[in-house]
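Dropping the structures in below, format is structure tokens.
Paired with subunit B in one complex and with subunit C in the other, subunit A is shared by the two complexes that follow.
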Partner chain A sequence: MSRRRQAGVSRALNVFGPFIGLILVIALFALIPEVQGRFLRAANFKSVATQSVIVALGALGMTLVIISGGIDLSAASNIALASVITAYAINAGAAPLAAVVLGVLTGGLVGLANGGLVTRLRLVPFIVTMGMMGIARGAAKWIAGNQKIDAPMTWVNELMAKSPRPSWLLLAPGIWLVIIFAVALAVALRYTVFGRHIYAVGSNEATARLCGVRTDRVKVLVYAVSGLFCGLSGVMEFSRLTVGDPTVAVGLELDIIAAVVIGGGSLSGGEGSILGTLVGVLIMSFLRNGCTMMGWPNYIQEIIIGAIIIVAVALDRLRHRKD
Partner chain B sequence: MRSLPSTTLLIAFGAALALAACAERASGPPGAETVTIAVIPKGTTHEFWKSIHAGADRAARELGVEIYWKGPQKEDDRAQQITVVEDFISRGVDGIVLAPLDDRALMRPVRDAVREGIPVVIIDSALQGGDFTSYVATDNYQGGVLAARRLGGLLGGQGRIFLIRYQEGSASTVQREAGFYDTVTAEFPAIELLVKDQYAGATTETAYQLAENLISRFPDVDGVFTPNESSTFGTLRALQESRLAGRVVFVGFDSSPKLVQGLRDGEIQGLVLQDPDKMGYLGVKTMVAHLRGEPVEKVIDTGVVLATRENMDTPEIKALLTPGPTAIDD
Partner chain C sequence: MSAVAAASPVLRMTGVTKRFGATVALDDVGFELARGEVHALIGENGAGKSTMMKILSGAVAPDAGRMEIDGRPYAPSGPGDGLRSGVSMIYQELTLAPHLTVEENIMLGREVRAAGWLDRKAMRGKVREVLELVRHPEISPDVPVGRLSIGAKQLVEIARALVNRSRILVMDEPTSSLSQEDSQRLFEIVRGLKAQDVGVVYISHFLEEVQRVADSYTVLRDGRSVGSGTMEGTALEDLIELMVGRTITRLFPRVEHAVGGPILSLDRLKGARMAAPVTMSLSRGEILGIAGLVGAGRTELLRAVFGLDEIEGGAAVVSGAVLAGLKPWGAIRRGLGLLSEDRQGEGLALALSVADNMTLSDLGPYRRHGLLDVARQRRSVAGWIGKLAIKAKGPGQTVRDLSGGNQQKVALARLLHQKASVLLLDEPTRGIDVVSKSQIYEWIGELAREGKAVLFVSSYLPELLGICDRIAVFHRGAMVEARPASAWDAAGLMAAATMGRTSGQERTDERSPS
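After this line comes the complex of A and B, so read on.
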């Protein structure tokens, strides 16, 4: 096999690998007669898409972090904190829009703190964000007084409604937000200087610095943007639950990271794509949905998702050995 | 040639999925016309939910319906329970029996289900609103009343006691505590409540610490009431450590092997028991009755009983104290 052909195969695998997984998962349930009629209905796809919004928003930010060679373990706690802040603000009589902005900014602030600590203290992102995971979760429980916050229903709770109002939206507003931000991020990653710098920092930080990239600034920005997405995701979590729950989304950061990795992101940095990440999110959502529809016990879907993560990373390694 | 191993991996992955599918399908009962009911607990690993599962299974066998037993992937995760309800709406089951993790967050998915023509029976914990067909649960207040009468009776109507609470915002235990408190103050006015606003917290460990601190402050306490399994066990441990177990009248709630041992050793004077098996059984049975067009009660009480050292070996109490395979078979 010629070198060029190898490169072609490798690129094809890069782009289509995650898609093959998604098609396999959908095909699997579409072929089971017991559920196929129900599984393939538009209403079910809409339901799966709505369920994916929270992980997807978190994963968009996480994609940037992982491309830059970092990791954000505080994502899920950040989501819980933002959802509690939003509920708290609405409960305290703030205008819903102000509460939403506050929730998103809270997420951004946590991200900013992550970025600042990683760059200023020269600490490993794993450690900084692991610490922040506890801090944000604790803060959420503190603010909520160790219980959930019941907030009055407002339009914020319509953001994740399966049947949106107005009905011409077709999909829940949350899904549209994911689509809009995904396109924006994909464009930014590919065509803006900031986007290229993220890849440069993740591929080889020292070289990037020597080439004049202000690596610290790039990293702080990346964590801050990731935090903003977690904040938005937290608002969506509140919208879905209709209560601010400080114990929600425990362990969700691993789902988010898994989505990025299944979608072709490399934990050693420099690689990953928005499209791949979204496919990764959908693979896991469709698996959950299909397994539940079949009435399969939870351990089956845990085993399958675990296997998929290993297969995805194995493919990732194969690609790297080639380079 | 590099593409070879990755292709192999993909095939292996596909085969694994297919295998999982086949393995499950082989055991699944056939028949397109069977009534299917989704039973959604708060979690799947606790003893309590296993008993509910056993009861639901028994009802399903008796009535010839099929049930899907599926909890949130992570215990006690509200968001994931919503997802499970939505997925069963998509699946188009005939009915849903749900133990809601939150009296408010599950309102919307339940309303969606009813709108899609899928009736919902609520078990174990309350749900706000009135979209559901029936509410099948323990009368928790009555459980607190039973505990208070046992404690007050053994103390001869006087003494100094602790009312240890479980956690803020937990509806079922708040009702148990209210039942206990109201009964003690109304029927045993000579009993003094040394502590009535302290929370044990979610785990055995936090309950243990609280009880230890209370005991060191009031070493001459005469009686203790705790409203659930973790607070009861944590308090039992603290009483054992401070050598007060057996000398203090202790009435708790729920059951576990360690608590049964405490009852047998005379360290616990009473355990109020719910009947989760009956709850699962009646949940499914009520749903089937509703689906067959029979009228059903809006609220169904599954009862509470008091287990003591004297009655703990009678068959009825024994089945509730030690749930599991033995309870499924009869």
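After this line comes the complex of A and C, so read on.
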């Protein structure tokens, strides 16, 4: 009986573990008198959510990659490339929608290349995507002529507006996109054959192959999907900045990976969830937001977030040992 | 306890009790081991053998009871402590570091140092000595362990325990991946250790082997010691009865079945990792056994047929369709199913649930409008759990938490679930308890009666002779001969497997050219 209760507790921890972290972070700043008033406002929460969109979109795709046992270090470069492509297309007179689609597809193409190289050449994802990190960044700079691309304002620039134009939207369209895609991916992971196969490949690739799972195809798809999300994230980056900047989002891939890991993703594959990833993204965003309000310098934020990553993974280990 | 043990026990365990939550793994168990005694610890999976050995090694602390080594209280704080007290373990699951060499593995944690530097010469000497002791001096100390066959890895594992010069050596299923020949050598090693006054605790499912090597026995059942005594004068049937608490009437239940027309035929099939092409055919309702030593090319044959290894030549035909160039997913579509010999590394995704493991190869039936009907999947899996008497809390339990026998049932259930018509079974009963074995034999018989074809690779000759219709023997990558099971006996199979020729009788045309 006590064993069943223990199992129940550990299952609850599995589901709510990341949430507890998020609540702790919010509670921490809500209790500090200096920032309490400004921190606990709907407007602030809205702005934190808006700031999270770019990392969140990248992290959605990264969650699939990490569950499948891979890693995508090219995510941030891919985001920059997509933002440059989108700006370039709009500047060249393309219809905004066409530019957005082009941006997203560029991301998908880079992902497809990652997947193809990983499966065809049998290279380690770390190496392939590290190489792609340089290639995509270089390509972005090349296309942009090593400077920012200015583009005329279009509706694309409203995707990240804190007060959206049809006011009944309440939140920026970018936030809604994150929510819609998060639900879609969560359902796909849990309730489709593709989702089961991603977990199986990450858990034990040999078993998956033995069971007739086309492991290479699963991996290519996973990297392609991750690339598409980077592309969408790049569009959002362009929307926020109103320019295509090839030097944007340097090092952001580590934030994206950290979000997945804080949310329960395991770098050895087979574990991770969309909900956890989103909570991971929010934990980091709220920390940044709170630290900024406190007037703490950037380096303090970096130290805190670094510590959080280690603590989150350490807690995860502990939980597993109990199982 | 046995008369020998009473004389001068090197190890005495009394009243050892261990609970895991609500389950009592060990209940007031006593055990004595004399110097130079080989004491067999017998019991089904889940009877408490591994818990007892973990307590002895120091990996797990008992809730109650005491242990003494040479009359001095022994309460290890961890495996390192146990090792220092002279207790060495050889585990069933290999614990070697694949990237390190044979020498580095054997000397791991016991490196010889001279003035702060590794004394390579001294270590090499020790390694040569223990490899000599396991009678495999040809294993090079410089080869990374990952490149060795599973049998050779087992020998390295044993060598590592020997270099420790332990007073008590625990061997957990040491022969489960050894060829008959290497098992014989192991028994000689054990006898040698006896002569050096080492006490050996010997855990094995192979009762014949236990009978040959052990002086005395203790049988565990459901965490209790249900009997012990000297091996001499104890019949196998008595041991089995103690283990299962009832008499097993037939170890190899035979299900009547009729052999039909051919379903799988191999025409000079040569896989990338096969030493020689193989020609053979398998019929519906037939159980074809494949005997041979470890490394004789049996596993490689199955893997080529299933599309896991590339096919370099010849053809495999299933129900009229050529298989060449297929990947596993295509093979499964054609009705093939493979049970891997490496249950934990390949056969199962240990971290996933029973339900996912059982249905992974055939999720199609649960797909509705592109989504998985998880409830239906669970119901179906629950049905299989009941039908196959798998001891699991439910479809959602992770496979890692099941005992070896139950894990194997899950792996086999996957093939039944995907409705494979040709089953390629690679060592399906390795390392599992007698009752599970007997159930698996019965299912194989049932499958044959339903008209399915079974290719059954095994290193355990009695089971091949007991349940197969026909047995093919492999030697050094080539098929020596296939004959009806009734035309073989254990000695003949062994001769063919070890020498690659049969005793002067005419050969069938299924002999492969080599």
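In this section, the second predicted complex is superposed on the first by the 312 of 323 C-alpha atoms of A that agree within 3 Å, B and C clash if a C-alpha of one lies under 4 Å from a C-alpha of the other, contacts with A are read in each partner's own complex, and residues count from 1 in each chain.
Assume a contact is a pair of C-beta atoms (placed from the backbone, for glycine too) under 8 Å apart; a residue touches a chain by one contact, two chains touch by 3 or more.
None of the values given here were measured: they were computed from a predicted structure.
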{"item": "Partner chain(s) touched by A:Pro297 [first = subunit B, second = subunit C, both, neither]", "value": "first"}
{"item": "First, second, both or neither for A:Asp150, with subunit B first and subunit C second", "value": "first"}
{"item": "Touching partner for A:Val187 - first (subunit B), second (subunit C), both, neither", "value": "second"}
{"item": "A:Leu170 touches, of subunit B and subunit C: first, second, both or neither?", "value": "neither"}
{"item": "Touched partner set for A:Arg240, first subunit B, second subunit C, both or neither", "value": "first"}
{"item": "Between subunit B and subunit C, more extensive residue contact with subunit A", "value": "B"}
{"item": "Contacts of A:Ala95 with subunit B and subunit C, given as first, second, both or neither", "value": "neither"}
{"item": "Subunit B versus subunit C as contact partner of A:Arg209, first or second or both or neither", "value": "second"}
{"item": "Which superposed partner A:Asn44 touches (first subunit B, second subunit C, both, neither)", "value": "first"}
{"item": "Intersection of the subunit A residues that touch subunit B with those that touch subunit C", "value": "1, 6"}
{"item": "Interfacial residue positions of subunit C with respect to subunit A in the complex", "value": "20-23, 308, 327-329, 331-333, 338, 340, 342, 345-352, 356-357, 360-361, 363-364, 367, 370-372, 374, 398, 414"}
{"item": "Residue ranges of subunit B in contact with subunit A within the complex", "value": "1-3, 5-6, 9-10, 12-14, 16-18, 20-21, 24-25, 28, 38, 44, 68-71, 73-74, 76-79, 82-84, 86-92, 102, 104-105, 107-108, 112, 167-169"}
{"item": "Subunit A residues touching subunit B - in the complex, by the definition given at the top", "value": "1, 6, 9-10, 13, 17, 20-21, 24-25, 28, 32, 34-35, 38-39, 41, 43-44, 47, 50-51, 54, 145-148, 150, 157, 161-162, 237, 240-243, 245, 247-251, 288-289, 292-298, 300-304, 307-308, 311, 314-315, 318, 322"}
{"item": "Parts of subunit A lying in touch with subunit C, wherever the complex brings them together", "value": "1-3, 6, 187, 190-193, 195-196, 199-200, 203-204, 206-214, 270-271, 323"}
